[in-house]
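Next, two complexes with subunit A in common: one pairs it with subunit B, the other with subunit C.
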Partner chain A sequence: MTAQSNRAAATKSVFGALDRFGDQRVLLSIAILIALPWLLPSQALAVNVLIYGVVVMGYNLLFGYTGLLSFGQAAFFGCGAYVTGIAIGRYGMPWFAAVASAVVVSTILAAVIGVISTRTRGIYFSMVTLALAQLVYYVALQASSFTGGENGLRGFTVDRISLFGLQINFLDPLNKYYVLMVFAAAALWFQSRILNSPFGAVIEAIRENEQRARACGYDVERSKLLVFMLSGSISALGGCMLALHLSIVPLDILHYQTSGMIVMMVLLGGARSFFGPFVGAAAFLILEDVISLWTPHWQIFVGAIFILFVLFLPKGIWGTLLETLPIARPRR
Partner chain B sequence: MSGELLRAEGIGKRFGGFVALEGITVSFEAGQLTSIIGPNGAGKSTFFNILSGALSPSSGTLHFKGCELNGLPQHRFVHRGISRSYQITNIFPDLTVHENVRVAAQALSVRYDVWRNRARLAELGARADTALHAVGLLDRRGELAKFLAHGQQRALEIAIALVSEPELLLLDEPTAGMGPEETKDMVALLERLADRRTILLVEHKMKMVLGLSRRILVLHHGRLLADGAPDEIRSNPEVRRVYLGQSEGYG
Partner chain C sequence: MQKAGSKPTELKISRRTALAGLSAGAMAVAMPRLGRAADDTVRIGFPTPLTGPFAAEARDQVKCAELAVKLVNDKGGIGGRKVELLVRDDKLNAGEAATRTLELIEKDKVHAVVGALSSAVQLAVNEVTRARGVIYVSISQSDTINEAKDFSKYTFHEALNPHMTTAAVAQHTFKKGMKVAHLVADYAYGHEMLRGFKRAQAAIGADSVGEILHPFGAADYSTFMPRLMSMRPDVLCISNFGRDQANAIKQAVDFGVKQQMKIVVPVLLHNQRLAVGADVFEGVVGGANYYWGLETQSKSAADFNGAFRAANGGAIPTDYGAYGYSGVASLLQAMQAAGGTDTDKVVDALEKLQYDLTKGPQHYRKCDHQSVQSVLVLESKKKSAMANDNDLFAILANDAGSEDMLRSCSELGHAT
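Presenting the complex of A and B:
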């Protein structure tokens, strides 16, 4: 009995800490990500969970924590990937400079889309973000001399990465995973920092009651713009990771289906939970893997499962787990 | 404390063809509790929304401490020193009681900082607790605001408005929907606050208004019908006709 309760207590504290405010949630999340290639059936899957986890985590800042349902997050995911690829392939930039410039360019794109979309509310916000992201899609399709158009962006391969004089073979899947994990760790840390910051309190106040937040003295539109940019920059980092991982950027990454997938992932994992995006990305990708083995119409089944989640587990896998486990966790 | 704090000159508001307010000219002294009464649809809420920046007037000017407020966005009003509560409870339901007030306190100083740890801004937390203490909610500080009783949520709203240390506090029917016990608590709270602050109150409960206010304004069909001390208002035949007579049994 004691062993059992010890174990229960341990699980409790792990789950509790993973979502509690403070730095330990970052460390625990990183610990899980370190173990991920051995927890999942394949390393290829682990890399994808890592990448989509970062993308969805950025989106969670906007949707989960601020309550803004955007259908255009693919624009920043894609922009990060394309700019990384173009910077390496066309301009011969070193990979880290390419990643940095991709994040900067994507944040500027988020500022432009954000200035227009954050003036609207509710369904109009969703539609404006969807439309503007599709605009980005068509620009990438048309500017084929830059982007490769329909064929996607090719011709940039990062096979070696030198880190502080250390040469790392980037073609080795595990090496690749752990190099990309450094980005994910940085994103986790940054996101935790934002959530802990005074601004993190502002976005929650806006989610809870926009009118009240304004009456309290917050410039709601400007705050929304800032969170839109932060969210875009984190999702863009996921795009950079994808470009480095695949060495190609498929055009589909910018399509609204990708935005829809990001929304599904965050809902599967649990919006408004710190580690939920990674759980959601893993759940979605595993479902896709497993179901597509025996039917090409896997989307029907994933869709059905998604609907069941929305109806019966609105807090997602991780959110429900955190709630079900009797964790005496102080909700701020 | 004395001197003119807020002056409204010829304030009018129309929504399309409907005239909600017309030619309201009134000035408020610092350190007084003034009530605004009037039948439903008299323009009280519209006037309040204009004073708190939620609506901009179609005509007329507002001066606060000698500065014109026209054209100022709503979120700047708090920074100038005007804070309000709402008729319908307007709090942050899924945040704790303490965080409700703390985030309101933060609006005056730290709005876009994504870097520091907010827990280190201890002064804001202390100010929030002071405001919670003032409205008698300090022992509930860790609970989610949505789990508070109605009367406590109303008190929390006042704490949210109070924490910015406003020079002018606008309270829109703070006892709306309250039972007699809760109303009594709220009246006691308002009496304590009125000692030190300039308060503008919209309220329906006549006994309460007559007991609390130093001055009463009566609005009727968007116009200022009467303006004076409670006794004058009580004996004003116009006011009796449009308002008091029909609501004698009110409160």
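Presenting the complex of A and C:
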């Protein structure tokens, strides 16, 4: 074996495996996430990358892999966060039970929104999801005795958790990061499992050619609804993580701007790539975090950088990286 | 597989180069964290909405907070320790504010947090600080933060609250049997102001003839004005903030509302009056925590104005700016009294503190840590009556601070 092929093999294992190999991509993604708090300027930022990474990953299943451009993903993100907070603060549920019930409730919400929206296509689908998500926003605004309305949901701080008899101080940023990372790891495994299943091939077939998928005998409507629910449940898990992290749920989480930010993150990182959502979330949040420390005009810079990406790197950061390295071509 | 037509790219990145590059990148990003060596500087976190609709008020707050820090540092700091103000943009977003506050506490190791402008943001900051036992002095108007549910021993509220301002304004404008109509921004701030006005109305014996809610950030008020005029009130209360206030008053004037009724606002904003002009605001009455013209009546105001002018090239401090000053300066006074930054000692010192920074004596009430302070009632001057460009308002009343102005401790749910 020549030195060059050795080197190529090494690089391949670093860049390629993340997108090429079923189980390894999960492990490699987790390895990167374990190192994350040591690479970013602050742990609060690292936790945010983790949270938005999971939310965007859920969205990527819908947008990147199935090709459905939804503008309403904030509804599930917010629903997960609100139900977690209400379950802990109002009903005194243990935090893991709160997370479980939040994911279940959000999946039901996704089923309702999905039944209505997946009947439409293209721009109509985008508009229907946007409208229904805004409906959820106004429900949260008006039901202020449950949600805190404009002031946001408060009063459910989780400061201590016990795992197998072990008391963990959840206010410590590193402890919090690694506890929440377990959720992210579970979501990564779940997403990988979906993509490796026959169903994963079906949704990509729907993206590539809906007519042909239908002609092949796949139930396109039911597949779309199912992927909508799966996507909603993963994004809702991100919402649960946010509620545990911030110990508040801001009303803005349900706003359409949050949906827009999720779309931006997936485009920045690279739609259709397994680890792209985390890269996109990290890039967006780091840009925002670092630039807004320098100047109050940070939006100009973030906007300009985003435009440059859309013009010159339409596959996003991770997508382009995988594309440029010839040996690390993503799965097609 | 190569795509047809694309050049075969030769792989040039060796593992060593990749590793070196990666670690250099990681170092660069991690630098700010490593750079924070252990020192004895007193650090105050200051989250404020530098971007968004309240940016003008936020900038004034920062200027005044920096002045408070500078004055203490010029006199040798807190027991020889230098004071540093860490300003962060909360983007008027509660989630962003909570993240920034976590960063300030976990990474920057601040000793206390002062700031916030909107109700939701201050409650978010408070939730983060109280769980971690960090002192927070809020300078945003809110009734909610006084209530037992959101209170903690670390929570202090330097700003006026809606209950105080509306009561003062109503007392000087409402009369028994008057008819009052309300135009209210449909969010927490507007709702709290409306509640305050209605309570004052009931006490005085004025009658409500109707209320209209408008969305936060509305640009067009033309549909509301004919409806408000058809209610034939004697007084119109416009309870909103920032640009909403300027836009609503401007359009009310265009509709000839002022010929029919008096316009009253809970808080008359310096910057909005400057943005719109004297003719539009002429005769509008509203409350305020501070107005620079107080310097003829109060030595503290004259001193504060003087220090601000010296530091800012002759400019005058605004109402919201004064909050930034008194919030930070009262905390620093308490730290000086406590002889350092030990949280329990500073909380104790804040509870005992009698301070007079901008407008007369103030202190924090024991049960809810609300600052007991005077409330000004101002009337916007007409152009011909203005002595100079900064001579915006006439002071109608200066109600001295008293605990009677506040809701009682038991009403707020505190153990008495």
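One rule holds in what follows: the second predicted complex is superposed on the first by the 316 of 332 C-alpha atoms of A that agree within 3 Å, B and C clash if a C-alpha of one lies under 4 Å from a C-alpha of the other, contacts with A are read in each partner's own complex, and residues count from 1 in each chain.
Keep this in mind: a contact is a pair of C-beta atoms (placed from the backbone, for glycine too) under 8 Å apart; a residue touches a chain by one contact, two chains touch by 3 or more.
Fair warning: this is a prediction, and the values are worked out from it, not measured in the lab.
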Touched partner set for A:247, first subunit B, second subunit C, both or neither: second
Touched partner set for A:198, first subunit B, second subunit C, both or neither: first
Touched partner set for A:209, first subunit B, second subunit C, both or neither: first
Which partner, subunit B or subunit C, touches more subunit A residues: C
First (subunit B), second (subunit C), both or neither touched by A:149: second
Touched partner set for A:217, first subunit B, second subunit C, both or neither: first
Which superposed partner A:230 touches (first subunit B, second subunit C, both, neither): first
Interface residues, subunit A side, partner subunit C - complex: 7-8, 10-11, 14, 38-45, 48, 149-152, 154-155, 157, 159, 171, 173, 242, 246-248, 250-253, 286, 292-293, 296, 298-299, 324-327, 329
For the subunit C and subunit A complex, residues of the former touching the latter: 1-2, 8-9, 11, 13-15, 18, 26, 29-30, 32-33, 50-51, 55, 88-89, 91, 93-95, 98-99, 102-103, 106-107, 119-120, 123-124, 127-128, 131-132, 144, 149-150, 187-188
Subunit B residues within the subunit A interface of the complex: 52, 54, 73-79, 83-84, 86, 90-96, 99, 102-104, 106-108, 110-119, 121, 142, 144, 160, 164
Residues of subunit A touching subunit B in the complex: 21, 193-194, 196-202, 204-205, 208-209, 211-220, 222-223, 226, 230, 330-332
